[in-house]
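Below are two complexes that have chain A in common, paired first with chain B and then with chain C.
So, the complex of A and B:
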């Protein structure tokens, strides 16, 4: 399959997935039993929202959902709002728009997750390849250690780290993205303050991710070690360093797909990590929105996460297709 | 493969899993001093002879919560794991065995679901449901996690399809259904077994993640719900370790043991992963299981 055709096919495919994600985001909140507007408003009134506010919300939502119109028309309206980047108005923080709230939270999440993904991926792969090659005690220790950290849920690592490094031995601040009383600005004092708050959530994400990548890389490298070209290299008397490089390159390719697949998992895991540390990112926003029945914010966030993960996976697959021509050939059968 | 030899790792993993199962299923029948929901003390009382692991934010006994929480989490994990494995095997086998348009359609559907992060679907469905019983939650978790299994099983099924014993079975007049049940699925049992273990651990962890977001089973206690309240009431920052360390350790232990169980089963079934097999690789078995696609445990998830 030629490169343009491969790209076109992947693009069409991811557009399909995107459409399904949008459909889910549109349909599922409308499945809330009974009339969604009544359910939302009555649950809000239990939460102590004032009467005048309730009326405004009710009117807003009958208009927003367009309940008198047929479903397909509602969907078109929904798509139109989306195209303008309009995700609606938050219930709990009424004048604030959903996109505004997300806009405040998003930079924190990206700054936390992107470096964690890249560093964890790199370190994990090197560790896995080394473990497979060295064998013996190093392998056993590294493998069991990686298996342990990778099987540990993100939030468990986060909770234990928080307890150990912020409560038992208070070397790092326990919560938030910056100190109380400090406001986000571009000054040296704020940046250094934000950095000290950054370490704990960052570490807890990296530890788990390193483990997962190392386990995958090790089993790939063990498999490669048994292959004929390695025996041949040994027969030729090549240096270990050279053989490792060959193995690394060959075992690397599936790991790129692994990266694409684990992005979705990592984003999900990072959401909860943020909650543990009360980090001001999208995870904490989602948590508060759920506890306040703030449906517009929740659906806005789920849509954002779905789109972000789809885009990230799309980019990785495109890169993969360019790196390795065999993938384009085999994807004919595998899709 | 010669006679099955279990590694030490297998026994350790199986032992831990059995211990947790025992704790969740039998302990509530043995230790009956407190019931779930009994108020036995104040806010975060220290562990004592009366309440072995102290009390939580509502004055409930943490040890009792831990027993019943483990039971709920295990129940959700096992039910969701079974349903997800069943769905995945059904879709995967059908696609792999039939091939052609059926395969294209089923796998296209599977891949679309796989591409959308499961935490998104979980959150949306949980919100749409309003109240969620333990069983509903298990079904919801299963509905979002089967595509992994389906994709891996399809690869296996399409390789089994080309084997000769199927021709023999076909010649003897077996129908499609009997072919799939007696001649295709048994050859993938080793993989299905591992997939089930992974699905269970994935479901337990996803339940905990959902509960921590505030979308857990309503009106019950699970390991995730215990963590949710421990975080919401700042037990970590006030140093009330008994409220959050036990569920954290149990979840970690269970997840680790299940993954270790899976990996030792993997080594047992797949000789290529064994190191000593590499040294004596003159006689390779003819029909090796395919290298297993390692599903990422969702620590939403995982």
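So, the complex of A and C:
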């Protein structure tokens, strides 16, 4: 099979998966008990609005959001809008558009996670490979430490860090993406303010990620270390660092999958971390949207996540071919 | 111990001992006091059944022993350079590959699947000669391939793109790229069919003739292959060498009962052997964690007497010229063994 045909067939599979994802993304939020209009109207009733007016407002909103139509008609309308690149208007924060809300939150999530994931991946894998190769006390320390941090839930690490560095020794601000009263702009003062808010969530992500990657890499590398080629390369007098490079390359495949999937789910925001630190990212946006039954925002975000994960997976399949010549060969039918 | 070899041998190993650390804390000594010599330009075959310690000996000689195997003692002299292996001392990295090189068993897995042959060659040259230009290192490889009539395309190939026999020959070229003085071939032919075995043994002979390799220690359980490739053969049993001699002499007139038994268990389509029954060797190789006292072969030997179980047999001959270790032989120096089996 030629490479373009191989890629074309893969692309068709991914397209099918995307269609299923679109359907589920639309349906699942709407199956959550409760109704976004009820939420909005009940908040109005606390403001002292009269019963008959409430009914009128309720009916108006239901009509406005198109919730009086049958579900399949709503889906058709949604597909029509989606085809024009329109994700709709938020119910809870109307008239803000879903695109606008995501556009505000996404940069925060990416700026928080992309460096954390890349750094964590690199440090974790080097640590894992070194631990496997060195063995002894270095291995035991690195392995136990990694196991400990990787098996701790995100929120534990986050809360521990928060307690240590913002409460016991208050060197870093405990929450938010920037100080209260500040507003996002491109100035030195704002950037430095945002950076001090950045460290805690960043650290909590890196620590957990390093641990997980190191544990995975170590077990892969231990397996590779016992293989014949390592013994042969030693017999040829290769330097340790050359041998580690070979091991790294062979042990890397599952790790690359992990990296790509992390980058794929990155757009979904680090949900728990962002909530703990009240960080203004996608995770916080998603969390509020779910609690308010804000269908368009939830559907828009889950669609974004689905697309990102699919694209990441597709990239992994191509990257596999580059890293491992055997997969390239079998995908081209060279064998 | 008298050493009457006229010129200093290329390789001189004395008192090699190596053990596997077992879980229970006791050591399994798989190579016990092995001494051998190898002259330049020669192939020394080491034969024995599974578990005799021959692959362990190969790991010790190629300086690639690693846990759980540890070298307890011994001394290795190659071309005048001496290396003390006792006390867990780590041999220098640069010896491996340039002084002693390993030709491993099963070339299938001896090459990293994600590394091109050429890239490995560049790394090997750079590991020993420091900063060498990539093109120069590749020239060394292509020159060697040309000289040995191997196709140049292998330089850009990944291991999976080569056939089994070609891969074994490529590994041989890589192992000898830096003209090592001693090549340790550890069962290089065991995964090959007969015609590729022949191609490989001819390649090894070619390397010796051109002086690209000083000498070869060829470890195998395959006596017919050894007969074709080796100048001298050493027979290993239970971690010790029981007989060393010239190939023809050892096969025609074995000095040790174990050698004779081993030869009798091989199918060879030769006229004088065709009429003989193929016999096995009764019993099983001993547990090296608790080897038999005296001569280690005595529980399976049809010629054993009381002394065999009590005292270690004498060394009849010299390490340089050839020897056997047997009480029966000490008393019957000229009697052929074949008739006694």
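We take it that the second predicted complex is superposed on the first by the 265 of 335 C-alpha atoms of A that agree within 3 Å, B and C clash if a C-alpha of one lies under 4 Å from a C-alpha of the other, contacts with A are read in each partner's own complex, and residues count from 1 in each chain.
The criterion applied here is as follows: contacts are C-beta pairs under 8 Å (C-beta built on N, C-alpha and C of every residue); 3 or more make two chains touch, one makes a residue touch a chain.
Source: prediction; values computed, not measured.
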Partner chain in contact with A:295 - chain B first, chain C second, else both or neither: first
First (chain B), second (chain C), both or neither touched by A:237: second
Touched partner set for A:323, first chain B, second chain C, both or neither: second
Touched chain A residues, chain B compared with chain C: B
Which of chain B and chain C A:228 touches, first, second, both or neither: second
Chain B versus chain C as contact partner of A:249, first or second or both or neither: second
Common interface residues of chain A - those touching chain B in one complex and chain C in the other: 335
Contact footprint of chain A on chain C as seen in their complex: 62-64, 66, 93-98, 101-102, 104, 106, 108-115, 120, 123-124, 127-128, 158, 160-161, 171, 174-175
In the complex, chain A residues that touch chain C: 227-229, 231-239, 242, 246, 249-250, 323-326, 329, 334-335
Chain A to chain B touching residues, read off their complex: 13-14, 16-17, 20-21, 24-25, 28-33, 39, 135, 147-148, 150-156, 159-160, 162-163, 166-168, 174-175, 208, 212, 215-216, 219, 222-223, 225-226, 258, 261-262, 264-265, 267-269, 271-272, 275-276, 286-287, 290-291, 295, 298-299, 302-303, 305-306, 309-310, 313, 335
Contact set on chain B toward chain A in their complex: 104, 107-108, 111-113, 115-121, 123-125, 127-128, 130, 201, 205, 208-209, 212-215, 227, 231, 236-237, 239, 241, 244-245, 248, 251-252, 255-256, 258-260, 263, 272-273, 275, 278, 281, 291, 294, 296-302
